[in-house]
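Order as written gives the chain letters A, B and C; numbering starts at 1 within each chain.
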Amino acid sequence: MLHYLGRRASYSVISILGLLTLVFFLTRLTGDPSALYLPLDSTPEARAAFAHLHGLDQPIYIQFWNYLADLLRLDFGESMRQHRSAMAVALEAFPQTLKLAFVAMLLSLSLAIVVGALAAARPRGLFDRIATVVSLAGASAPDFWVAIVAILVFAVGMGVLPTSGTGGWEFWVMPIFVLMLRPFGLLVQVVRGTMLSSLASPYIKTARAKGLPRRAVVFGHALRNSLLPVITVAGDLATGLVNGAVIVESVFGWPGIGKLMIDSIIQRDFAVVQSTILVTATAIFILNILIDLLYAVLDPRVRY
Amino acid sequence: MSAISSSVQAASAARPGRVRVLLNYLKRDRLALAAAIFLALLVLAALLGPWLMGDAATKLGLRHRNLAPFDLDAGWLYVLGADTLGRPILPRLVVGASNTLGIAAAAVCTSMLAGGLLGLVAGYTESWYSHVIQRGADIIMSFPSLLLAMIVLYTLGHSVTNLVIVLAITRMPVYLRTARAEVLELRERMFVSAARSMGASSARIVLRHIAPLVVPTLITISAIDFATVILAESALSFLGLGIQPPEFTWGAMVANGRGYLSTAWWIAFWPGLAIMLTTLSLNILSSWARTAADPQQRWRLQKLKKAAR
Amino acid sequence: MNPAGIVSLVSAAILAGAAGPALAQGGNHDVRIVLPEQPANLEPCGSIMTNVGQVLNQNITESLTVIDAKTGKAMPKLATSWEQVDPDTWHFKVRQGVKFHDGAELNAKAVAFSIDRMTGGKLTCNNMAKFGNAKLTVKPLDEYTVEIKSDRPQPILPTLLSVVMVVSPNTPVDKAVNDPIGTGPFKLTTFSPQTVVLDPFPGYWGKKPAVTKATYVWRQESSIRAAMVETGEADLTPSIAIQDASNPKTDFAYLNSETTAIRIDLEQPPLNDVRIRKALNLAIDWDGLSQLFGDDIQRASQMVVPGIIGHDDKLEPWKYDAAQAKKLVAAAKADGVKVDTEIKLIGRNGIYPNGAEAMEAMMTMWQGVGLNVKLVMLDVADWTRYLQKPFPAERGANLVQMMHDNNKGDAAFTIPIFYRSSGQYSTLNDPAVDKEIDTAMAATGQAREDDFKKIFRQMRTEIVPDIPMFHMIGYTRVGKRLDWKPDITTNSEIPLANIQFKN
């Protein structure tokens, strides 16, 4: 197992370096950033001065070499927008998103397992139908729509929650709710699907024939064996949340890494784009390793 | 002896064709039937819509800007209201179906096929290319989809094909990893070692034995992924990277209505509802298909028949 | 616990804890302002960018002069008087008894320091864009007199100096700062990814403002900003979309000194034929199009707003005449002009609200008179390639959606960049026009105004290098506690000193 971990870790480091190289070259294909940092009526000389100041007028291989050299000294570059260390900007924003994503995933996963299992226990029954419709409606609704409507209803209309911003628990309610919708919807369906397959297996028939109560059959036996795909999808959703909490961060004003990444990409703030991708990629790679370990824990037949 | 064989003969003679069987299953599940009808109507709208309602959907009506729905003074085409340029929403939904369904179907099918195949390979073998595939999937997961969209569109230009490519690439990892996870578990099963001991090649085992067991979960995911792709295209449209005007999709319509949720809610609501209903139908139908395809669950859709005596 | 139990517990907790969100303070004079975007940095040399200027200008840092919104003329601020000694040289008298937030004295040396920092080239100074390629030399003549020399005539130097923010001589010259030290009535207490907080500076030289603390936050969605003022979570938002401005008691419209237009690429056929350019202007249903922007919008006939020196009040905008447009196109076609060449209409995402819809509408209208126009929406960086020289070689016939901001009181900030052959946006290449512009730029007084007016008229009636659309309107929402109205400078600055309180 340790051998496996060591190998995975080294492959991951190589992959992250590959990712950074890819990002470095590809982002510079998207145009000249000076247009975005200088007023539109700047002179060509001013733009040339800007390019020179930030090393953008050098050939791209020189720029890459400088970038690698800086990386070795743990210098991740400076944000052209904020005039401070790009990695500091990224590390400041990351915990905000992590907090939201963690709580949302935890809630979605636990609720989805319960609801999905109950739905699978009596397929096409009333609970199943309602759970399906509700979970799918949430999963396919545009998240900005839900966010803004929720704010209009609960904050403006009823005044029971603040519109936006960070703070005590009341500032978390709507953002978490909106973030949970798609993961919850998808996970309910996945859990339900795999549970249906498990519940149809012969060993379940045996368990039932033995007279075990329904709860033990469903949660004790069938659920544990259908968790592998559920964990995979949940992991994918979690990584998606880190990158994709953009809407929630935009609408509710949480200074998270999703919005930072989008803004930096649009603004061609290369150093920050690279730093945020480095931070999120590291998190994603670590998460994937943990999930693979979890497979082995959950299913003893899985060997590496 | 003769009674049994004659009843078997009678049964096989009376067995209806495959399609009839499926239709019977469909009739047994009312909700799946409704879903199938809705999807059929949608496909019809996608095929015929541009021809029937193309003009109505694109003509400007600046004096009907943000017209509220359920007001038949402006004609029945305006029953769902009008958008920010005064174009009636109902024809736009019908015409937009073809772009929406086309792009989403292409992206989902491509990513499901590519991701599924690669996941099967990555899960079954232990060799170096399995690791390369997995790390490749990790890299794709870490690469922000907006950046990918921007790069592709900047270098290759705006086109529907490029849009589908971007959407397919970003959705691939989930299929890849799910397929791999299932294969990891399935390859240890007894039927696999049995097949191997009988001399079946790896390819045959993977494609003929393992793949059919992996497919149902992938299809479950793809039904919701349809909505995810449509909404991803909507987010790209909001930033101007999606489909280019005058072409439009439901996702683009939703993006346009974003600033009007409190004042002209119908602009984003109807296309959003269409997306929701499509996802719901796809999901219900796929879950029905899963039940019908699984021999151990098929009984739910079959009628109790008196055995021949 | 079963799901139903969980749900009822959670909803009970929500309702029980509904003590209400953090409300804006009543009774005291703290204000909370919600901006559309986070100021990326607070470098005073970048105060020309809206989201920086709205926080900094006249609050933390002040300039030597300010522009009077109604007359366009420069008024004293940190400079008390000035005179032009020769065409290239001005002398400014610096106000006495002014201290910076860190205790340093404001004097001629400090002013020279600030200007040298801006022109020094060691950091990117956006505010210098207004000066073009002019080189400035600053010399303190005595303790409170400064001489500013330029390498070319500067008839409106006092106006130009309104963008120069004076900073403490202790500010680093070689890097941008996020903790500016100025002379303004407020000093910076906090700058975080979530908020900016300003507290009063007790040693301010001027009148103490009524505002006792200013907190800035930012939300991207206009509906959220509007909602925050409505619920009392914020007191003021300087920018909401027109559809959210539904309450006449709190929502105020103002001319925000931006003019929207379409720039025509005169060098590319068929746009090099003046009949096509006139047809482009005539083919638009201007009344219909204006509905996208609300009732307060003003139709533009030239690229500056009323109140700017050089604006010709008598110049009529183009009227809608589709029939005439079709005739012009047909006449051009008959003369062999290839009118069905594809013309790219280059839009920019998010340039102004309903910008994309406007482009779609205009494209449809132009197609209606027989021109082959195709819309392509680009993001800022891509769009700028087409906007500024050097233009891409493969651009083909193109029309560029654009918006121009001039709140510096003088058409000198508009005419050269649009119409002179050396201008960054200009597709014109006419030496006669260049000479006219140079003469006008060097003139002063009434002659200057008349020259500028003549140029605008010539553009509108004879040359037609662009399609002026509208003078844009901004909408603000002001909470019930405040007594404040926007004006033409609100787009670039929100001086807290102008905010009073009701009751």
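Basically, a residue touches a chain if its C-beta (ideal position, glycine included) is under 8 Å from a C-beta of that chain, and two chains touch if they have at least 3 such contacts.
From a predicted model like this one, the values you see are computed outputs, not experimental measurements.
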- prompt: Line, ring, star, complete or other: which describes how these chains touch one another?
  reply: complete
Closest chain to the centre of mass proxy, which here is the mean CA position: A
- line: In terms of mean CA position, the chain most removed from subunit B is C
- request: Express in whole angstrom the distance between the two chain centres, defined as the mean CA positions of subunit B and subunit C.
  value: 46
Separation of subunit A from subunit B, taking each centre as the mean of its C-alpha atoms, in whole Å: 22
Message: Measuring centre to centre with CA averages, how many angstrom lie between subunit A and subunit C?
response: 37
- request: Note the residues in subunit A that touch 2 or more other chains, in rising order.
  value: 30-31, 144, 148, 152, 266
Message: Could you pull out the residues of subunit C that touch at least 2 other chains?
response: 221, 223, 379, 382
Sites on subunit B at which at least two other chains make contact: 150, 154, 239, 261-262
Task: Write out the stretch or stretches of subunit B touching subunit C in their complex.
output: 58, 60, 62-63, 65-66, 84-85, 150, 154, 158, 239-241, 244-246, 256, 259-264
- line: As the complex stands, subunit A meets subunit C at residues 30-33, 35-46, 49-50, 53, 81-84, 92-93, 111, 114-115, 118, 144, 148, 151-152, 155-156, 159-167, 169-171, 173, 250-251, 253, 255, 266, 268
- line: Given the complex, residues on subunit A that touch subunit B span 11-12, 14-16, 18-19, 22-23, 26-27, 29-31, 123-124, 129, 132-133, 136-137, 139-145, 148-149, 152, 182, 185-186, 189-190, 192-194, 196-197, 200-201, 228-229, 231-233, 235-236, 239, 243, 246-247, 261-262, 265-266, 273, 277, 280-281, 284-285, 288, 295, 299, 301-303
Task: Spell out the residues on subunit C that touch subunit B in their complex, using ranges where they run on.
output: 221-223, 241, 243-244, 246, 285, 288-289, 291-292, 349-350, 353-354, 356-357, 359-361, 363-365, 375-379, 382
Query: Across the complex, what residues on subunit C touch subunit A?
result: 3, 14-15, 17-18, 20-22, 38, 40-41, 43, 48-49, 121, 123-124, 126, 128-130, 132-133, 175-178, 193-194, 217-221, 223-224, 227-228, 230-231, 233, 379-382, 384-385, 387-390, 413, 417, 424-425
